Amino acid sequence: MAVEDRLAKLGITLPQAAAPVASYVPVVVTGNMAFVSGQLPFVYGQVMVGRLGDDVSVEQGAAAARACGLMIIAQLVSAGLADRVDRIVKLGAFVTSTADFTDQPKVANGASDLMSEIFGDAGTHARAAVGVPSLPLGACVEVDAIITLKD
Amino acid sequence: MAVEDRLAKLGITLPQAAAPVASYVPVVVTGNMAFVSGQLPFVYGQVMVGRLGDDVSVEQGAAAARACGLMIIAQLVSAGLADRVDRIVKLGAFVTSTADFTDQPKVANGASDLMSEIFGDAGTHARAAVGVPSLPLGACVEVDAIITLKD
Amino acid sequence: MAVEDRLAKLGITLPQAAAPVASYVPVVVTGNMAFVSGQLPFVYGQVMVGRLGDDVSVEQGAAAARACGLMIIAQLVSAGLADRVDRIVKLGAFVTSTADFTDQPKVANGASDLMSEIFGDAGTHARAAVGVPSLPLGACVEVDAIITLKD
């Protein structure tokens, strides 16, 4: 099933692919690999801000990570790559955290679960999830991706 | 020499390959590249917790990074990949740090030195080592890896 | 135009390629990909230290990111790879930040803009920029890179 059909069937509306907030591009394809820039959690054009362990709950953080994942997919759609996904290879999840917040995995699952939901087995990936003190625009989560493509 | 023979000769016992703490897999192979998820420092099933610059010394941090490296090797063994390692290409080392701790390289060396010890020249890698405010399960170090494989 | 000619034309002097501060190598080449270790902002042999949001301005941070980018290029030159650059694929920018500093993109642009300046379209890359509490040697910025090479 085409990715956009799959999204429609699940009732998921993609955000508009965000323009880079700086001097880079959202996706670079080299050979059969696509490197997706770190994506922020935009919902209806507003970035989800705050800090896990303080003013953002684990559930809200996971929703933000899911929003980052949706933006990764929106970037793939925008680049004409969504139906060429062979494997979501690696996600990097950066979670704005207090010094004592240690549930980054539960937060990052918001993006990971989305990939399985949309891409099935091809969405099963390696991952690193870490805390950070702060992110661009005050975002509570940022996720980047390495993806392999079919011809 | 097979990796498990080399470990035995050095008197090194691998930890049990840890299950992912969330919705992802420990290793993804694509073409001749293996991406290993961020690994935490488990010793006898307990994660090494704390913060460099506070309650964890550089020596303890390096031991934790080594434990992360052992877990990377344990994941390779578990996936049947350990004897196919062509090159440890890149390690990413995330070190739970106070704002004034700047010896992340000495900590990360615990993982880097292990790779040379086990894989010789093939263990010589590129690396990024950075501080983070917090990590999953309260770990003091997390290390991920990109590795190329022989047929 | 050869990279060193391009640098000369722009009046840019590369720093001396820094030795790794630990047990790893500056660049690993595998197939047509080069992985460059995290580079610190050395200017005349001194690392640019401090924290964005505190004692380092956005302009100074961008200058430091540019210095990291120059060190990436210096490492490529030192490894005989500078004129084989096919594409700067991905930059990872780690910015030493207070908890309320959110202009990491403007800082990281110092490295990103340099890549376009030197490599033109081939310098256009994917990127992730995040805050960190601390970096090796007290550096205010660290940047690593994934690059593809021509034969």
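Labels for the chains are A, B and C, by order of writing; each one numbers its residues from 1.
What we mean here is this: contacts are C-beta pairs under 8 Å (C-beta built on N, C-alpha and C of every residue); 3 or more make two chains touch, one makes a residue touch a chain.
All of these numbers come straight from a predicted model, not from anything done at the bench.
K.L.:
Since subunit A and subunit B are copies that touch, just let me know if over half of their interface numbering is common to both, same, or not, different.
P.N.:
different
K.L.:
Using only the C-alpha atoms, find the rotation that maps subunit A onto subunit C and quote its angle between 0 and 180 degrees, to the nearest 5.
P.N.:
Best-fit rotation on C-alpha atoms: 120 degrees.
K.L.:
Where the centres are mean C-alpha positions, what is the separation of subunit A from subunit B, in Å?
P.N.:
Going by mean C-alpha positions, subunit A sits 24 Å from subunit B.
K.L.:
Indicate the residues of subunit C shared as contacts by at least two other chains.
P.N.:
Only 132-133 qualify.
K.L.:
For the complex, give me every residue of subunit A touching subunit B.
P.N.:
Where subunit A meets subunit B, its residues are 32-33, 53, 86-87, 89-91, 97-106, 108-109, 112-113, 116, 124-133, 146, 148.
K.L.:
Which of the residues in subunit C come into contact with subunit B in the complex?
P.N.:
20-28, 30-31, 35-38, 51, 92, 94, 132-139, 142, 144
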